[in-house]
Amino acid sequence: MTTLSTVLGPLELSCPVLAASGTFGFGEEYSSMLDLSELGGVVVKGLTLEPRWGNPPPRVVETPAGMLNAIGLQNPGLEGFLEREMPRLRHCGTAVIVNINGETEEEFAVLARELSSVEGLAALELNVSCPNVPLGGITFGSSTPILQKLLKKVRPLCRLPLLVKLSPNVTDIAGLARVCRDEGADAVSLINTLKGMVIDTAAKTPLLGNKTGGLSGPAIRPVAVRMVYEVFQEVNIPIIGMGGIMSTEDALQFFMAGARAVAVGTANFVEPRIMPQIISGLRAYLEEEDLEDIGSVIGAAHRET
Amino acid sequence: MTTLSTVLGPLELSCPVLAASGTFGFGEEYSSMLDLSELGGVVVKGLTLEPRWGNPPPRVVETPAGMLNAIGLQNPGLEGFLEREMPRLRHCGTAVIVNINGETEEEFAVLARELSSVEGLAALELNVSCPNVPLGGITFGSSTPILQKLLKKVRPLCRLPLLVKLSPNVTDIAGLARVCRDEGADAVSLINTLKGMVIDTAAKTPLLGNKTGGLSGPAIRPVAVRMVYEVFQEVNIPIIGMGGIMSTEDALQFFMAGARAVAVGTANFVEPRIMPQIISGLRAYLEEEDLEDIGSVIGAAHRET
Amino acid sequence: MQAEAIVRKLEKVAEDIIYLKLEEKSIAQLALPGQFLHIRIGRGVAPLLRRPFSIAGASPEEKAFSILFRVSGEGTRLMSGLRPGDRMDCLGPLGRGFHTAPLKGAALMVAGGIGIAPLLFLAQHLLGAGHKLVFFYGAPSAGEMVCLERFLFNGAETWLATEDGSAGRRGTVVDLLEGFFLEGRISGSVFACGPRPMLKALQEKNEQWKMPLKFSLEERMACGVGACQGCVVASSPDFMGWGARQYHRVCLEGPVFDAGEVLL
Amino acid sequence: MQAEAIVRKLEKVAEDIIYLKLEEKSIAQLALPGQFLHIRIGRGVAPLLRRPFSIAGASPEEKAFSILFRVSGEGTRLMSGLRPGDRMDCLGPLGRGFHTAPLKGAALMVAGGIGIAPLLFLAQHLLGAGHKLVFFYGAPSAGEMVCLERFLFNGAETWLATEDGSAGRRGTVVDLLEGFFLEGRISGSVFACGPRPMLKALQEKNEQWKMPLKFSLEERMACGVGACQGCVVASSPDFMGWGARQYHRVCLEGPVFDAGEVLL
């Protein structure tokens, strides 16, 4: 029997395919279209301490083989999440990972501490890479000392497996991943969106309400694969790979580059059943290649041939 | 009469559309398909002091709405360029800009000095952003102190207008542009390619001979437009914008974001007559909008509405 | 919820406007007026996202439904090349449609341009239920109007307005409607769809008319099912408060809203 | 050099192999065997780059030419949906073809799989000029072989090899050819096209055979016209030296090379 189970430090997943944060809501919207228990897990929409209304519309725009979003972390806040979403999520049948966001170290700390005692969560994902908020967000993930300071504060308070979601809008992704490892993060999520802009030439103004947005989808896949490859090569920390995954073949690129799990984001919008499809594709691949587990594919592109 | 002429410091162009370096050879290959004198100028393939054979194949691969290249600066070297290419280029009827590359400051300095006395060149473009060479290249364009040191050395030796081609693979593009301005560069070229990778899953290895390559084409356009917008907003230096331009509409996004000229790269491969088409499209646009010159479009997306 | 529909007919019904008849049983059965389909164009990565289109009519007996679309960009250009027998991947029916009961007085349908699409479906329902119906239809010019008679064969009172005066009254459809209200010639519930400025004008004027007013909104969408928060429209201030949304999702809470719910 | 050709015929001639006949006057007139066309698929951004295809035949009288392609990815999949009357944007004819004069002895055509395409065109030329021609054609199985009789109606000696033995000799086409040489049954100039490992095997064996050997290479291309340096193949060491290229561009110096020119 082949197995798709995968281990990222203390986080064990029955299947290495997750729903990426912000693209799967709180797991409810797609639950009529697929069986959540087939997934490796769901990373829920970015959560903040207080409720957030997000950015003014337009918030999304298609770009060549990709899209920009500038949602701006619209979410019900910690309390709203615990009251309205968590009771259902707890029984959704798959690992639930909460993507947490703060404007200050203190906010991250409170979220990490409070959520650590919530029953039914598999891990926290520290989002230090949101390009769409004026405070916090990407600034925490753009400089090693700032990230280090944040992790020194948050890591001790977080009793769940701690993932750190890094930004591709940086000169040295491996340097940031190294800080994560050194400060005890259990894994890094690579990558969040690239900061981009579309100008509405008729209106002579940036199209998005927030002016800039985050680029996701197949367009960014080569950048994402490269960053996973680079971090795998240089830093000894488990990686969750994402960015433009639309097929089993795409997912395999990430595994071979070194990811121990992958997340699917934008593709959910295009093809709501894409995750189960990729999962069965991976199973078929392992069988065809006569491999026992997905582990034998992880990092394969690094072996000398 | 509408005019497309544009001014970037000491560099005056009759038309604001250039061929991007590395995508138009030394201007010869496409000369049977279009009249070079219609163009604003040609930035020739990256030149090094000594001849370079470049990277092993495969060197190019298509990606969603883009491509990776890892040519590795194959070129005939300064001497070969002056002997074999320059005599023809001098009479090609358009502004010729040489994209120069060094492994050391000294190599950049020699190139800048030698080329300054060559008759028939309009400007030099200092490439501090090539992602495909092991030495020099992008390292000069990834850190402000290193870039500053290079410019302090090269600027005084360069008697031609000096453009600096920046890399998008950085945390703070505006900071690098600021150094360019402070050190007397005449303009910045934004952007070079994003570093990316494609893995050949059948072979379980990176597809390109060089493993990584530079991502260009429409896929990166939102990133390029954003960087032009950001630099225009924060730094007072003329900008040549590029990245995924395939149409007049795309070019207008760059002008509105703040570029005084644009360059077309990958699109030349798709549609060899794309530059003349964009140029007549711009002319038609100015007439429809009843504008006298392209200058009135530049930076338009920054005006409050 | 996701289904492959088969193209049965594709017809140009006005300048750049195409009528597409499709066959798919469950959509034909489930569709309610005002709901939309989120359609994938091709199998590639560009166009990447699905495109939302209102359902313009449905016939459970024929297992068929239709959409009416304006060729305005790359996706609709590709759709205009569809041929009978081609397959189209549809998500839907999605969203909250026009909830009509109880209807006081006539149903006043106010359409701007391609906004006619969901109203044709609504008209089909209302005419079927024996309601009185008056159509107000505006477009830039006669050439951009779809021939209503092909859709409203049961007969419905119809008034036209064009910006260039090439058909009906010169002016906007809102002006046209206002004339009727001012003259006291009409009253009833207003159902509208069209460009944002038209809906905004309606919303403003309705502060005086005070008719029940529902309209269908458009906003750029990614998921189409409420998961991404991409397609929002601001709530009207009356709807705010602790715990309330400041933004409604057009795809889930809409696309049809009561005029009082949103801030345009 | 850039032209819009019109699809005249599209025919499946083997498992996943499609014969496409196109009409465009100047390409039909200028095409030389071994040259290729760089074809844009659709008008969108994905597929982005043009795709190179060898010209498989041309008839200036009919203003027509043909290509033969294997459906192997997104671009060729889209091409397989072309219909008569559709337009195809072609750059070309490009590259250096088979320069055949002076031909000593027979022309030995060695094709592996879809590599048959340029050799069909070459055969058309050589047969026309009255040359003796022998075809060696290999493929994984009979099902993947195009029916040669539709292309070589003038008749030419033909020998087949398949890996599974389902047609002709079991084994590779290079083994097949070697048999002929070892038995001394044949000699002449060799023209080859096929997968890289096949060409490499030919090149190696030819160190003993010492026949004139030319082959057509494939490499990933961007521009197709020599501008990007994307499509290179290493020069054989004999060709190196100061000022010489270490890499040849397949699109400009090739796609046809003398076996001695390149290092595979």
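The letters A, B, C and D name the chains in turn, as written, and every chain counts its residues from 1.
The criterion applied here is as follows: a residue touches a chain if its C-beta (ideal position, glycine included) is under 8 Å from a C-beta of that chain, and two chains touch if they have at least 3 such contacts.
In this text the structure is predicted, and so the values were computed from the model without any measurement.
Considering every other chain in turn, the ones in contact with both subunit B and subunit C prove to be A, D. Subunit B and subunit D have Cα centroids lying 36 Å from one another.
In this assembly, the C-alpha centroid of subunit C lies 54 Å from the C-alpha centroid of subunit D.
With centres set at the average Cα position, the gap from subunit A to subunit D is 46 Å. Annotation for subunit D: residues 45-47 touch two or more other chains. Multi-chain contact residues of subunit A (touching two or more other chains) are listed as 64-66, 217-219.
Chain contacts in this assembly form a complete graph, since each chain touches every other chain. Subunit C contributes residues 44-46, 74 to its touches with subunit D in the complex. Those residues of subunit A whose C-beta lies close enough to touch subunit C in the complex are 22-25, 29-30, 32-33, 45, 51, 53-54, 56-62, 64-67, 69, 71, 74, 80, 217-219, 246, 266, 268-273.
Taken together, the subunit A residues at the contact with subunit D in this complex read 64-65. Residue ranges of subunit D in contact with subunit B, taken from their complex: 1-2, 40, 45-50, 91, 219-234, 243, 245-247, 252.
Considering their complex, residues 63-66, 68, 142-143, 169-172, 194-199, 201, 203-206, 211-213, 215, 217-223, 225-226, 229, 244, 249, 252-253, 256-257, 300-301, 303, 305 of subunit A touch subunit B.
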